[in-house]
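To keep things simple, chains are lettered A, B, C and D as they appear, and every chain counts its residues starting from 1.
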Amino acid sequence: MARVLISYFSKSGNTKEMAQSIKEGLDSLGDIDVDLKKVQDTTIEDLRSSDGIVIGSPTYFGVMATQVKQLIDNSIQCYGKLVGKVGGAFTSSGMIGGGNETTIMSILQGFLIHGMIVQGVQKGNHYGPVSVGAPDQEVRDECVQYGNMIGELVKRLR
Amino acid sequence: MARVLISYFSKSGNTKEMAQSIKEGLDSLGDIDVDLKKVQDTTIEDLRSSDGIVIGSPTYFGVMATQVKQLIDNSIQCYGKLVGKVGGAFTSSGMIGGGNETTIMSILQGFLIHGMIVQGVQKGNHYGPVSVGAPDQEVRDECVQYGNMIGELVKRLR
Amino acid sequence: MARVLISYFSKSGNTKEMAQSIKEGLDSLGDIDVDLKKVQDTTIEDLRSSDGIVIGSPTYFGVMATQVKQLIDNSIQCYGKLVGKVGGAFTSSGMIGGGNETTIMSILQGFLIHGMIVQGVQKGNHYGPVSVGAPDQEVRDECVQYGNMIGELVKRLR
Amino acid sequence: MARVLISYFSKSGNTKEMAQSIKEGLDSLGDIDVDLKKVQDTTIEDLRSSDGIVIGSPTYFGVMATQVKQLIDNSIQCYGKLVGKVGGAFTSSGMIGGGNETTIMSILQGFLIHGMIVQGVQKGNHYGPVSVGAPDQEVRDECVQYGNMIGELVKRLR
């Protein structure tokens, strides 16, 4: 069975809520083992054993949060083992506006450097889901659809 | 049979040479119809009918050349029709150093906005092949491997 | 007297309206000769003779529009002559959401490659003004403040 | 007297060597108090009391290292107090090629979000100095010139 990891860092709860909606979108497809974890609890083995990796971070100064970068930097331990896996990213921003797109791109760049596969979103936030403040219904729907898209890509690639 | 389009803009011939090496890498896989074209001769129908689209541009001020952006802007005519196709990008830079990575990213962003699928490179220039000046053997090899990677992804996704 | 050029491309009129608000912010400072022009009418001499250059583009596939890239590519004619000048960028997006930040960054990258000076925005859209659809009062105010910021930086640097 | 902080993270010593060359370029101007520090030893007061802040990081997965992001994230404590200061960035990359430009941009984005002022480099690596492996004489010279440029901009702005 395909396995997708959703790993997130959340202080306000907004990024966590987005993560849960993405899980919902993945679960709805069936036949995918979805693992939802805090970034602090995510292990190198989690990365290695997943077919898809979706990472969420708040927008901190236009780049993923330190805690998320820590996981990405640690992933050097499995460098070369993630080639061809699917990657995705999402972000929420709090009071400090701006920098959402570059935050998502900062995560996707790490995936590309691992030789991973990334898909953009034709309808909605193109690089990955963005929530300004708490996710409303529209953002939650977008996250569910993003989960769908990631899951379908993982299945196509197996 | 899968179809991959390589569309490039080249003034000095360097980007063209890279395009030819990428074609070689794609051709070597067999069972792929590879179309190599100048960006000026590339039609919307070419984009629409391809399973993979690889675009090359010289590095002009850290972003793809005007002639390449023209094709990307014209692609609004088939917006929604490229979802799930594979995209790739490469660049050469002349005398003015710097901006290679952001040039490749400027093309990949367009692909993501189309809902297309992009893979990074684990070994070599991670976002896509880069040549500083005329491509030497190392760059040509990297382009051949990039063609391989794109072709294999296109095949996996069919 | 300091001279600031605002050069824009606008199809819907939204980017033009933003340009006019930025002009208002610059004019309010006094002692600055502000030139507002379509990008198609902007000459190399305009770039060369300005102390500050602010460029606006709609968001087309996450990068400035072809017409704007044409001006940036033409600026190779005055390469080395823009060092130390102030640059700024703004964008409006239409129906196709996403890509605003990367569009602004695509313009700022060109400025950095020219050796120009760029300031971020602490309050508001951090990389430069963004309007989703027609500019409302909040966006217009942000544009006026951006004009202020650019004008003050130009004055500090003279 | 103007004060410029150079804050770096270095494991191999390469980024540290670049930092020292940038200090040399700043020192040569005279009348600037230059503070060279490890990022781990850099305090919020250091950021607040400087007229210019130059940050160096190795290239880790296309984005600044965790240790550097930690400083940027901590800088929320002086958010609003860095407006109008000068920022600069540099990077070295080890075995894993690629991602240098995006690493520098990831730091510059933080500066822009603080409302800081950034200058590009006309000659050399345009977004800021890059060393692939240990800095050779050419890279060291580029770092000295970058120090000059930063110092002159800080002086112009006082």
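Definition applied: contacts are C-beta pairs under 8 Å (C-beta built on N, C-alpha and C of every residue); 3 or more make two chains touch, one makes a residue touch a chain.
No experiment lies behind these values; they were computed from the predicted model shown.
> For B-D, find its twin among A-D, A-B or A-C: the pair where over half of the contact pairs carry the same residue numbers.
A-C
> Same or different: do the copies subunit A and subunit D touch each other through matching residue numbers, with over half of them shared?
Looking at both copies, the contact residues mostly coincide.
> Based on CA centres, what chain would you say lies at the far end from subunit B?
With centres defined by C-alpha atoms, farthest from subunit B sits D.
> Could you grab the centroid distance between subunit C and subunit D? Build each centroid from C-alpha atoms only and quote it in angstrom.
The computed centroid separation for subunit C versus subunit D comes out at 26 Å.
> Counting in whole Å, what is the centre-to-centre distance of subunit B and subunit C, each centre being its mean C-alpha position?
Centre-to-centre distance between subunit B and subunit C: 30 Å.
> Among the residues of subunit B, which are close enough to touch at least two other chains?
Within subunit B, the residues that touch at least two other chains are 62, 79, 98-99, 102, 105, 109, 112-114, 121, 126-127.
> In graph terms, with chains as vertices and touches as edges, which category applies: line, ring, star, complete, or other?
It is complete, because no pair of chains fails to touch.
> Using the touch definition from the top, list the residues of subunit A that touch subunit B in their complex.
It is residues 79-80, 83-84, 105, 109, 111-123, 126-127, 153, 156-157 of subunit A that touch subunit B.
> Given the complex with subunit D, which residues does subunit B contribute to the contact?
62, 97-102, 105, 121, 124-127
> Which bits of subunit A are touching subunit D when the two form their complex?
Contact set of subunit A toward subunit D: 60-66, 69-70, 72-73, 75-76, 79, 96, 98-99, 102, 105-106, 109-110, 112-114.
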